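All chains are identified by letter, namely A, B and C, in their written order; residue positions are counted from 1 within each chain.
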Amino acid sequence: MILVNADVNNYLLYIDKITKTYGYGLLGLRRFKALDEVTLALPLQEPEILVLIGETGSGKTTLLKIVLRIVTPDAGSVYYKGKDIFKLRSSEVRWYRREVQAIFQDPYETFNPLRTVDGYLFDTAKHLLGLDRKEAEALIDETLNFVGLSLSRVKGKKIKEFSGGELQRVSIARAILTKPRLLLADEPVSMLDASLRVNILNIFREMKKKLGLSIIYVTHDLATAYYVGDEMAVLYRGVLVETGSAEDLYKEPLHPYTQLLMNSILEPDIGVKNRIRPIKLSSIEIKEFIAPGCKFASRCPYATPRCHKEIPPTITVDNRRYVRCWLYAK
Amino acid sequence: MAKTQIGNEAILKVIDLDAGYAIKHKNKLVKFVHAVDNVSLEIRPNRITGIAGESGCGKSTLAKVIYGAIEPPLEVKRGSVLLKISDEYKDLLKMSRAYISRNIWWKFISYIPQNSMNVLNPMKRIKSIFTEISKFHGLEVDEEDVVKYIKEMFKAFGIPAEAINAYPHQLSGGMRQRVVIALALMFNPSVVIADEPTTAVDVVTQLGILTALKEWQKEKKTTMIIISHDMGVHAYMDDDIAVMYAGNIVEKGSVEDVFEEPLHPYTKLLISSLIRKGEKEFKWGISGSPPDLSNPPPGCRFHPRCPYAMERCRREKPPITTIDKDRIVSCWLYEKG
Amino acid sequence: MSFKDLIKDRVFIVSLSIVVGLALYTVIYPAYFTKVDPTKWYTYPQGIPPCPQFPFGTTLTGQNLADLVPVALRNSLTIGLTTALTSTAIAIAISALATLIRRLSTAVMTFIDVMCTIPPLPILIILIFTWREYIAIPTIGLILSITGWAWPSRALTSILSSLRERMFVFTAYLCGLPLYKIVAKEFMPFLMRYIFVHFINLTLWGIGMETTISLFGAMKMETPTIGTTLYWALRYQAFILGLWWWYLIPTLFLIAFLVSLYTINMKVDEYLMT
């Protein structure tokens, strides 16, 4: 994730200083930044799974919507394979839809309860790939096989006839039908049972290996993040506070917020049982968004007066390792 | 409001409980979802007992029956729920709803639901919700006392003082959950049942809430029952744990025993399928899915997915084997003869 | 409740038969059995109670009720149906405008709310009274639609607004479906139930409005509708003079139709809900 003066053509996806502001309060006149100059990039040559870690209110959903072209940013651009996605010609839009797909958190909300689930698969085959019925059936069956299902199992059924795990797999199949290069996954396993999560995550690893698919996996569950992730980026209240490889962030989290997250993981392991960990809980959120200075300062155990007044710049610690915290400023 | 429990005898006993949901169409029974199948459980006082299991295993139903929130289509077919009140065991299932809601709820047993909006009236400010509940339970409290109590609780749980005058929708989900917990603990009940208390909140808030609950338990010696599908929560909170699968309790014991040496094949598979911090090697999940509880498989309900299934497992339901004091498992592998 | 259950339900079958039966009656009877124009006054002896020759009796205006009732009922039904058709069409169009085009959203919704608060009766009475010389019966339905679309539109708008935010709409978008297909495939199944219910409600409302306006004397009074028939019955003191057949028989036909239609509405709603 290179930040300055990089050639956008070298990257699969280059999110360049994206800012999104929303209004709040009476008449929506007061403003806060849901995303503040967020920059991220995915390499072009090798497929990579980037984990975007953020809790509710971090802006992760807004970022996904921007990459999917549903929301327009107020500043900054997003480049896919060198092209500005908000300046695509209408013929290119369809291409982009094929290249970049998404799956969502709640498998039961992903599909219309009144429609059959395979309807979506056929729609994709028809509208994005232009296949006729026979070709579509073959491709759909093959794709469903990849995720452990089949067309005969799925045909004519509505969502209530599937379990959460199965439905999420159909959702994945729908997304990879067009053989995209980039998949955006918004908390894809948080609504599934713990024992089923690893099945879906294994599919992700397969997709990267066998289909060369890059994935932006958004979650606040750090354990699963490490299991699938190559690179990680931590988002706090619209600001990208730390990036690096999964190894780096686990072994040596730099930003106090990342440290807090790592400490908050509850392991299914009784070794840490009796330690009661002290913690400072956050107050009502908007105050944090509009605070001058570092957004995390009000909860940070290391906060200095400077942290409350000035927003820390992005500090390069190493190759592809960045942190936004005054602690690391020279 | 008895709260000091002397002795180790169980404070709550569930005996041979059978309950489920009767789905009817035009007064004819279409199917019965057998969510709680012959469950017996003893909850020791001054300890945190966890009920673990995945979605559809019946743990929420069990919690509702223990609490007494039994409304159609939920039906209790047989069994008893004994609560120790002033050294005597009383069967909660035999009490009338009116009696329970006035005398048992909030005072002896409190319930923290998964969804905070089920408890908080969106039309009322937080302060009046607290005051109302006090009045309903026949405690003539001074509004000042209530406010003082609320302020103390809010401080313990990290809720900002301004929330006292707020409406529920003005608070974030995590904040509301904490308010609901503060409400549940208001009369210092002997037993607190928390049904997935932190499923809807973020990781950091989760740690905060659970820590606050743990500290409360230590100080007030409350008996807690934590229902959750998250084994991480159980590892952090529980003293004892009971694992449920498809309506049965398949294993129970101290949390050290169950995590370090799981006996039941389901527990083993479950624990090994959980992704731990810092793990990257390939892991297996459990294949198949939980059975349809309106038409469960014969014999042991886990046998279709069990790697150790024997002929006997397919035919007969395994009995409950007592391995040790307070250590039980329900599996043919452990039954001699 | 499945479709088979619906078809076998006795109440539904009876209601449907009544509605269809009455509809056919209003069409077939005047075509084959009426020899003289029933709308002309003083064609028959006045005020005769029901008897073999005049099964429904005659009115003081010299009209044969047996010939008059089917025509009256038909006209009332026509007004009801045209109201329903036009109002539903307008409601759908305006709701679509309010929800699909975000910039117009607040403006259109305010407009809908304003139209909801305007009391329809006085306006309709004035409009119909002013134009009654120039318009035909179906057009009355169009005029009623001017106020009839507002409440259904409000309901449709709120449903569409919440539907628009749902995830599966987004999925359809990611499948490459164009907007009109998203509306057809994702929204319509939800809306069908409401549109059907609103349609029947509007029919009932249209007939009710027509009756009310007629009783005020603002309708085309020489055209027989149930409302106008009742008006004349009142004018000619039918209650006091004891000519019960003049007001009771048309009313009974109307009630039979309305209750059956309403029952169909409830039953189909029950079916669509599951």
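Everything that follows uses one rule, which is that contacts are C-beta pairs under 8 Å (C-beta built on N, C-alpha and C of every residue); 3 or more make two chains touch, one makes a residue touch a chain.
Being a predicted model, the structure only gives us computed values, none of them experimental.
Engineer: Sort the other chains by how far their Cα centres are from that of chain A and give me the top one.
Structural biologist: So the farthest one, by centre of C-alpha atoms, is C.
Engineer: Between A-B and A-C, flag the pair that has more C-beta pairs in contact.
Structural biologist: Answer to which pair has more contacts is A-B.
Engineer: Report the inter-chain centroid distance for chain B and chain C in whole angstrom, where each centroid is the mean of the CA atoms.
Structural biologist: 55
Engineer: Averaged over CA atoms, how far is the centre of chain A from the centre of chain B? Could you give it in whole Å?
Structural biologist: Using C-alpha averages as centres, the distance is 33 Å.
Engineer: Please work out the Cα centroid separation of chain A and chain C, and write it as a whole number of Å.
Structural biologist: So the centroids are 53 Å from each other.
Engineer: I need the residues of chain C touching at least two other chains; which ones are they?
Structural biologist: Not one residue of chain C touches more than one other chain, so the list is empty.
Engineer: By the touch rule stated above, which residues of chain A touch at least two different other chains?
Structural biologist: Nothing qualifies.
Engineer: I need the residues of chain B touching at least two other chains; which ones are they?
Structural biologist: none
Engineer: Given the complex with chain C, which residues does chain A contribute to the contact?
Structural biologist: Chain A reaches chain C through residues 68, 70, 94, 97, 101-102, 104, 106, 109-112, 114-115, 119-120, 123-124, 127-128, 171, 174-175.
Engineer: Give the list of chain C residues in touch with chain A in this complex.
Structural biologist: Within the complex, chain C contacts chain A at residues 166-168, 170-178, 185-186, 189-190.
Engineer: Contact residues on chain B for chain A in the complex?
Structural biologist: Contact set of chain B toward chain A: 54-55, 157-158, 160, 162-163, 171-175, 202-208, 210-211, 214-215, 229-236, 255-256, 259-260, 269-271, 273-280, 282-286, 289.
Engineer: Enumerate the contact residues on chain A facing chain B in the complex.
Structural biologist: Counting only chain A, the residues touching chain B are 55-57, 163-166, 193-199, 201-202, 205, 220-224, 226-227, 250, 260-270, 272-273, 276-285.
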